[in-house]
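What follows is a set of structures for review.
Across the two complexes that follow, chain A remains constant while its partner is chain B and subsequently chain C.
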Partner chain A sequence: MRKPVLLVMIGVAGLLLVRNLLVMAQLPDEVMQGAIFRIIFFHVPAAWTAFLGFFAALVASILYLVRGNLKFDAFAVAVTEVGLAFGAANLISGMIWGREIWGIWWTWDPRLTSMLVCWLLYSGYLMLRRAVEEPTQRARVSAVFSIFAFADVPIVWFSIKWWRTQHPQPVVWGGGSMDPSYWNMLFLNWIPFLLLGLVFVAIRMRQESAKREIDAIRRMAHAI
Partner chain B sequence: MDSRNITFMFYGLAAVWAVLAIYVGMLAARERNLKRELEGLRHMVEERK
Partner chain C sequence: MRYARQILTVAFKDLRSELRTKEAVNASVSFSLVILILFSFAFDPSAESTREFSGGLLWIVFAFAGALILNRSFARELQNDCLDALLASPVPASALFLGKSVANLLLLLAVELVGLPVFLVFYNARIVGSFWTLFGVMALATWGLTVVGTMFSALTVNLRLRELMLPMLVYPLMIPCLMAAIQLTTVLLGEPSLDAGQMVWLRFLVGFDVIFTALAVALVDTVLVG
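Up next, the complex of A and B:
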């Protein structure tokens, strides 16, 4: 993606975020939770962006194993890393929210635990990549690992339906209690997250291409 | 509503942006390192030629 396009995307994301923050400030407080419920407009879109990144990594990993093109591997690592950043934002904002509403920073509840396991699995994916030197072997091993890691994503997603959890039930789909008037804000705040995610992925892919160029020059330097 | 509730709301929002800002910092640092490494290697190859 070209630099001006990335800059426009960052600008649009910034404007939307400012607009959303202003609208958020006008929303009435939630009856039970008060002002802090507004964290939902960041906590949930961060999780959605992370899961979208992990799903994109799954697709790219399968495509790499089928076609053997290293561009799919570069895309997989880019979306995984960006997914991890948004996943960390989701986990930390959730902990702060939990501290105020539940009185605890953390509990080993199925939703929180499976999300933490998911985050650690994808961190393991990045560590695994550092351990394998040869590019095609690294891409193959990481693709298999990424497919394996994705098995945890549906567990995170459905954990609140499958088990009794401290974490609330789904607020948007599946019998949650969120007022539909808040849905617009939730989805509108997801757009800047997606735009920022796309910008990060584009930058990260450019870096992977620079890494491939460095590897190629090193091989050439050895041959001279 | 007590001020603690509002304070924690700000902590939550700040945490999201702090995490993303740290990631942007990491991306920028990696970009700089890659650029430096690439230029160094190109220079070395030209010298060897």
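Up next, the complex of A and C:
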């Protein structure tokens, strides 16, 4: 994408975030949790964006294996990295929230554990990329890994859920319903997250194509 | 039929070459013994409470020992360009992969069968359930480990830092399989038989094996041949 488009997207995302923050300040405090509950508006959209990124990485990886176009590989690495960044945002905001409400930074609740495993899996993807020099081999190897990782995510999720049902349950914010205004806020706050994610992906893809160009020039120089 | 024969040929070739040198198996057995001894310092091995996480202990040892075997699986073929020769042979890549998986399964099971009695002696435990059920669980979980591990052994064979990459990539993927194995093994070490709740884990283990075997067989061609 062109630079002005990206700048506009960042601007829109920033404006939306400021607007959402102002609205959030107006929302009444949650009865049980007080002011800290507002972290949910960052915590949950971050997780959604992360999983969307991992799903996009799966699609791009399959497309790369079918078509063999390195553009798909560049897209896959871009969305995986952005997904990891939002995943980290999700984990860290969740830990801060947990510290406030549960009094502990971490608990081995299924949701927390699955997210952490998922995060570790995809950070393995980035490590794997660093270990391969040759671009097409790197693309192929990491595409295969991405498919394996995505297949593992639901399995991890269900297994950890079963695992925990056989053990004492940690004190979790038990299933309850949320006010529609909260839901609206969640989705409204997701939009700037998505915009920001898109901008990051675009920048990252541009870096990847620049890297390919540099590699090609270097190879040409060697040939001469 | 022909496909099965190709798988067995590759498996026997791998087993033969491993049994001649015993490189990976020796390292794997002694490594698992070392970890078992290390664990005895981490917590009191004779305490009753150890029984509650005996399955976890055992499977962590097996997973570590397995990485040593799996690392060698494809790396062994790098010398004298054996891997290229294998790929050029009329054996399809998936048969090559399955043959190597079978060989790794048998090797790792052998290591486990050495490690298990040592564990039982050192940790003052005994198998309350039937041995054959436990063996079945071990075979299923080990197949899960080897099928994922062999796939990643193929994936990382040409990388630098191969020995480091394999465990780093494979352990997070294996978590569900290990969890099921830990759950079932702990039960079988303490109780006479599996109840309905634990049968779910057994089915889960079978599901894990089926899913990842299918995925690996489908993708191994792209990994090895390109």
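Just so we're on the same page, the second predicted complex is superposed on the first by the 199 of 224 C-alpha atoms of A that agree within 3 Å, B and C clash if a C-alpha of one lies under 4 Å from a C-alpha of the other, contacts with A are read in each partner's own complex, and residues count from 1 in each chain.
The criterion applied here is as follows: a residue touches a chain if its C-beta (ideal position, glycine included) is under 8 Å from a C-beta of that chain, and two chains touch if they have at least 3 such contacts.
All of these numbers come straight from a predicted model, not from anything done at the bench.
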item: Contacts of A:205 with chain B and chain C, given as first, second, both or neither; value: neither
item: First, second, both or neither for A:70, with chain B first and chain C second; value: neither
item: Contacts of A:194 with chain B and chain C, given as first, second, both or neither; value: neither
item: Which of chain B and chain C A:29 touches, first, second, both or neither; value: first
item: First, second, both or neither for A:221, with chain B first and chain C second; value: first
item: Touching partner for A:59 - first (chain B), second (chain C), both, neither; value: neither
item: Chain B and chain C contact sites that coincide on chain A, given as residue numbers; value: none
item: Touching residues on chain B, where the partner in the complex is chain A; value: 1-2, 4-6, 8-9, 11-13, 15-16, 19-20, 23-24, 27, 30-31, 34-35, 37-38, 41-42, 44-45, 48-49
item: Residues on chain A engaged by chain C in the complex (per definition of touch); value: 65, 117, 120-121, 124, 127-128, 131-133, 136-137, 140-141, 143-145, 147-149, 151-152, 155-156, 158-160, 162-163, 166
item: Chain C residues within the chain A interface of the complex; value: 148, 151, 155-156, 158-161, 165, 168-169, 172-173, 175-176, 179-180, 183, 197, 200-201, 204, 208, 211-212, 215, 219, 222-223, 226
item: For the chain A and chain B complex, residues of the former touching the latter; value: 29, 33-36, 38-39, 42-43, 46, 82, 85-86, 88-89, 92-93, 96-97, 99-100, 196, 200, 203-204, 207, 210-211, 213-214, 217-218, 220-221, 224
